[in-house]
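Following this line, the structures themselves.
Consider the two complexes below, in which chain A is the common component and chain B and chain C are the respective partners.
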Partner chain A sequence: MKTALLPDGLIRTLAGQALAFVVALSLGAVIILMIDESPIAVFMTLMRGAFGDAEKIAGTLLQTTPILICGIAACIGLRGGMFNVGIEGQLFLGGFAAAWVGFAFALPPFVHIIVAVACAILAGAAWVAIPAYFRVRYGTNEVVSTILANYIAVLLTSYFTIFLFKRPGGWSETPPILPTAYLPELFSFSRLNIGLLIGLFLAIATAAFFRWASAGYAATMVGSAPKFAEYGGINVRKVGFSVLLASGAVGGLAGGIETLGVHHRFMEGFAPGFGFDGLIAALLANGSPIGTIFTALFFGALRAGSLLLEVDTTASREIITVIQALIILAVSADLMMRRRGDRTGERRWKF
Partner chain B sequence: MTFAVELKGITKRFGAFTANSGIDLAVRQGEIHAIIGENGAGKTTLMNVLFGLLQPDEGTISVNGKPMAIDSPAVAINEGLGMVHQHFKLVPSLTVADNIFLGMEIRRRGLIDRAAQVERTRALSQKFGLKVDAQERVAGLSVGIEQRIEILKVLARNARTIILDEPTAVLTPQESRDLFQTLRSFVDDGMTVIFISHHLEEVMAVSDTITVLRDGRVVATRPKQELTKRELVRLMVGRDVSFDRRPRHIVQGESVLEIEDLWARDDRRLAALKSATFSVRAGEIVGIAGVAGNGQTELAEVLSGLREASHGSAKLHGKELVGCTPAEIRDLGLAHVPGDRLARGVDRNAALSTNILMGRQKKAPFAKNGIINWTVVQDEMRALIKRFDIRARGPRDVARSLSGGNIQKVVLAREFTAGGDMLLIDQPSRGVDIGAQEAIHDEIMRQRAEGRAILLISTQLDELKALADRIIVMFEGRIMGVVDGNTMDEDAIGLMMAGVDPSDVKEDE
Partner chain C sequence: MKNFTQILAAGVVLAASAMPSFAAEKVNVAAISGYFAQGFGVSIVEGLNKAKADFGIDLKLVDTGNRALDYEEQFSNLAKTGEYDLIFVMGWELVDALQKVSAAYPNQRFVFIDGVLDSDKIIYASFAEEQGSFIAGALAALVENLGPEFDKIGDGKAIGFVGGRDIPVIRNFLGGYEQGAKYAVPDVKVNSVFAGTFDDPAKGSELAMALYGQGTDIVYNVAGPTGEGVMQASAAADKYSLGVDVDMCSSAPGNVLASMLKRGDIAVYSIIKDEVEGKAVKPGVRTFDLASGGVEVKLCEDVAAKLPAEIPAKLEEIRKEVVDGKIAITKAK
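Then we have the complex of A and B:
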């Protein structure tokens, strides 16, 4: 049942996805063999790189955090029937806004974080507001407009960084933020910070919102049966706009947490692909925020593990991208097949 | 003699459920053989077995006297069988000819020979009198034409026996008549037609032989001449069902809905509702008669706030509805059973309890401070399942797993318990079994007895005859006349529905 915190038929879902993972990994093994590496060595290195010791695990979780929060942003959109592909852009603007508050203003410790994070959220929401308005007012396809908004966001933040804040001769980055705006770290040996906890809390809160809140019900109905929702007295445009705005706000939050917690400044290209990975994590979890925790962790582990891969083997980091793509293909094929079985009543595996 | 199709002892089970049980069916060459039965009687399952989409657990199939195993649709097509499904399977972005030859494209040097396909399509269209424009794109064509394309698809594959699954469910009466003519001409050509339906009039009008299914069994196979409509109903439902006018007490309640000079446009921005003026009193059922597409949908949508009125006024308890949102109109006390039940009335993929919550997701006792109490919702759904006799296992059932009649009961249950005293009911029994239809009519009469004002829109005159106190006839968006339900003259209504001026028709009020 789609309103459940954990979906029904969970075991069947997990079994299907596990099978998909096995198929994808086997295909990945073939590709690794083609570049004359041992698949087992590569996988072991990956595992060691992701989970080898406490520091490595923290590294994995550090990578997981932005993917998770971006994934939640995507989930919010998907549940409300909106495909927000612009999370990457919202992430960049949110990151930039938080960094700007972080270095430009001197505020008391706790307040500084709150203001910076709030600005990140506002920046993300404001950035999606334009495509959202065009979507509900004129029916513009939000997929196209949010994708295009990504380019503007990335280049705009680059422009701000290079032309307004860059130190002469230095890297393309803003001045560092003041320590009062640093997010508290969880361990002494890693930059892993409370952003992860915020992400986990947000995932549970989002799932609960869609399950139990009246407004969550309205958003779910607009997403799954818009004509029914309209007939039932739900303001479809208003809900659609709010859903995109909330999605963008969470996207902005992801950026803020990344700059305040990890880099302590805004750098050009500071978070490559987190927005898109989050979107894919959400899609693989079928729009479930709780499921996104696990898919985000998986992507985080791949990213973290691939760092060691380049050091210890001749395989390049790009091989991980290939494996990631194979997994996405396999898992979405599994999803498609299950939906097919549902629709016809009789399960038909042949195509 | 040889039969075009002969099924013997067909049994098909789905788990513990037996959809077809020992079915014998013999279809003679050159006849229109109707298979009639309520939803869930096993008609579609039987045809899917015949067409190779499902494999029977027991029984044999012979085609033209030859016993054979039909283990895929390809085999069935090879044997000259063709099936037109209830839901069309066309590619909207392709042209008519491309759709017809999809999967069996005419090729020349490895490339699709579009000109030849168009040529063949034209020839087929001409030969069978099915008018289509071969080069038009399917997107935007009416369902009637889409069905013609489906039939042409089957003919292009050289079918001699054509199976049609509920072909008229989506057609206007005019389109249905055209279809029957086409089927007749097929039979005159020596072809065989198997026609699945639960619509009595149609079956009586078009078929030569009728097989009645009930609960997965054949209850009768007889020539049409030996059957009356009433007998057919008894065979289908298993008991007598009354189509008679419902007995009633005359109530003169206060006026609840006042409509004056109301105008509205359709999606193409053309005037679809023209100067409608009438009122509905408490405890009264006002029927709206008319051929589908004569402004009834627009009227319902304007009243429920789903469409803007271009002019005029509609007052509920003296409060203006025009300009209000659907939510505000609901709060004023209007409950709406929509005509397009599957798109508007339910979320097919959601649980029944999720469906019943619509419109009350913020209201006590279902929610408090914006938090939904699902336990209360589930309990309410269980109570409604009992009260409205909805055939479902429980509140967690997904709406799409129910039959059309039961989905309609879910919609009625939600709307009739929403607390509104004005009920706007659009096509309550479209696509609904006769048995369920009777139950729905009972419920509407109960609502009338409780003093609700009811506006009943229906394209089925029988239904209005049974239920309505007054019948308003619409034609091209205008009210042609008002007829008293007790003394109605069907011919007069028929003339008005066809647009004949009612000056020579006895006017009431």
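Then we have the complex of A and C:
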């Protein structure tokens, strides 16, 4: 009987992942040497920028939050055999929906947050519903359709922002949301808010769902062996659709938390790339929501550290993007090698 | 040999005499923006690099990237140590982070380029758009006045203006443009329209086409990205356009008459120069005008070659009169 919160083969997975990180970081060090910086100095600055003092740690956690929640969205999809690459778009629509509720309606303090967050979740789910329908009805590849939906989402929210809801004067952004819709901040010195706690709770809840709930087991079966699941009496289409919808809902939530907790308004192009960062964090964690907490923290720390890196050294912040890309390459190589080991023919994505 | 020693000696004397006038400490400057690689941002980087070469200042450029989440930390990382005498900021999307961090670090001097905000703790570099637009208006009117004799000009005696949104700063451009046109050619007509948006090139193109269709031969674009459509329309209709902010001659070669430049490089250079010379820059608005070279009208070479020589001469004459204060330009408010 499986009762652990973490997936099996943990040691093998962790060893492979660790090796991939070491390879990627060594390659990164070589690149840092090539731009005449000391890898050790760069590393120390990164650490200082990420964990130097309480403010810096809060900054790291602030960066971690959207990556974590997007990562959970990706985990849900991956477990159910659905590659939701459209989290970026769901995040944009969720962010816009939450901001819209935030500035367009006056509601009592607590209710306002609940309604805004609910709208973000609905917007995210609604946005993935179209690709999800085509996926289960006609077998359209959801990777392609969700990626394409991203572009539409980003431009659609730009359109809303610029043409329908633009704040008078200045930059392309909506009016600020009312203070009743602000997510409570955790510390006085940072914009870090309860979004982080929501993310942590969600990660644990998702992991528990896939481990212990029968619906979670059904989804995992549909993801890893759809034919077997169907034979076992599971409505594969219905489960697949629900999985994508849930994934999109969490993606929308990520956007809502960003606008309600951090920016307090929606700006055109407000959070580019978080959806993809989350997907990468989830892939690195091998589809485990608990593991995603750590990979998201790692990426959050890299990003927060890079902000100081750019100020304190001559290295560009983009060196972080390079290191991130190297990690992805190394980890995908590890995944590929593992997959070749046990090819069953059934699985589209093995997690 | 004797000559050489003399030059050398002169150099040493010059350097020595120049030394005391520099501030005791090395001036340390940072600049932060997401646009260092394009348009107006490039000219700011040029100005900063020139200041670095001339005054030996320490210069740190920080690219904000495009994630709004990062801006505030990037500003605090720069301001926290207090090591920078001046931090130049460019880009309206940074305003929020700028105001927050400026309030948190009141002793840090920030220079906001091309705009004025509410805070009185910040230094603002603003440009006298009405003066540059006055010259642009005079140029357009003079060329229009040549009539059908000149390539692509009809006999409508009308020039045009496409603005972004109808806001005071754009009205200021229009006011200068109209006054300049009437000053040069009193009976010229000025047709102006506002697109209502800065982000819609298609609309800019549509409006410019409508103006060209009404017998307007030269259209001044003051509409940001919407204005790209204006430049394209001038090529499509084979008429003339006037660019704004940066040199736009290459956006429709042969159809762009000139560009009204806002010289970000001159603004940052002269602010740093004051700082280096010990005249510490204080919060408040600094306006860069025709006299300081902060705004200027640059003719496009391909079209300028065809213009009769008296037009550039006349423009120079008008420019001098504006600089000397002989022509008073009313600012729109």
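Just so we're on the same page, the second predicted complex is superposed on the first by the 323 of 351 C-alpha atoms of A that agree within 3 Å, B and C clash if a C-alpha of one lies under 4 Å from a C-alpha of the other, contacts with A are read in each partner's own complex, and residues count from 1 in each chain.
The rule is simple: a contact is a pair of C-beta atoms (placed from the backbone, for glycine too) under 8 Å apart; a residue touches a chain by one contact, two chains touch by 3 or more.
Given the structure is predicted, the values throughout are model-derived calculations rather than measurements.
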Touching partner for A:S224 - first (chain B), second (chain C), both, neither: first
Greater residue coverage of chain A in the superposed arrangement, chain B or chain C: C
Partner chain in contact with A:W212 - chain B first, chain C second, else both or neither: first
Chain B versus chain C as contact partner of A:R191, first or second or both or neither: second
Partner chain in contact with A:N235 - chain B first, chain C second, else both or neither: first
Contact residues common to both interfaces of chain A (with chain B and with chain C): none
In the complex with chain C, residue positions of chain A that touch it: 49, 55, 59, 62-63, 66, 162-163, 169-172, 191, 258, 262-263, 267, 269-273, 303-304, 307-308, 310-312, 316-317
List of chain B residues in touch with chain A within their complex: 14, 54, 304, 306, 325-327, 329-330, 336, 338, 340, 343-351, 354, 357-359, 361-362, 367, 370-372, 374, 396
Residue ranges of chain A touching chain B (in the complex, touch as defined): 1-3, 212-215, 217-218, 221, 224-225, 227-235, 345-346
Chain C to chain A touching residues, read off their complex: 30, 60, 62-63, 65-70, 72-74, 76-78, 92-93, 95, 167, 197, 199
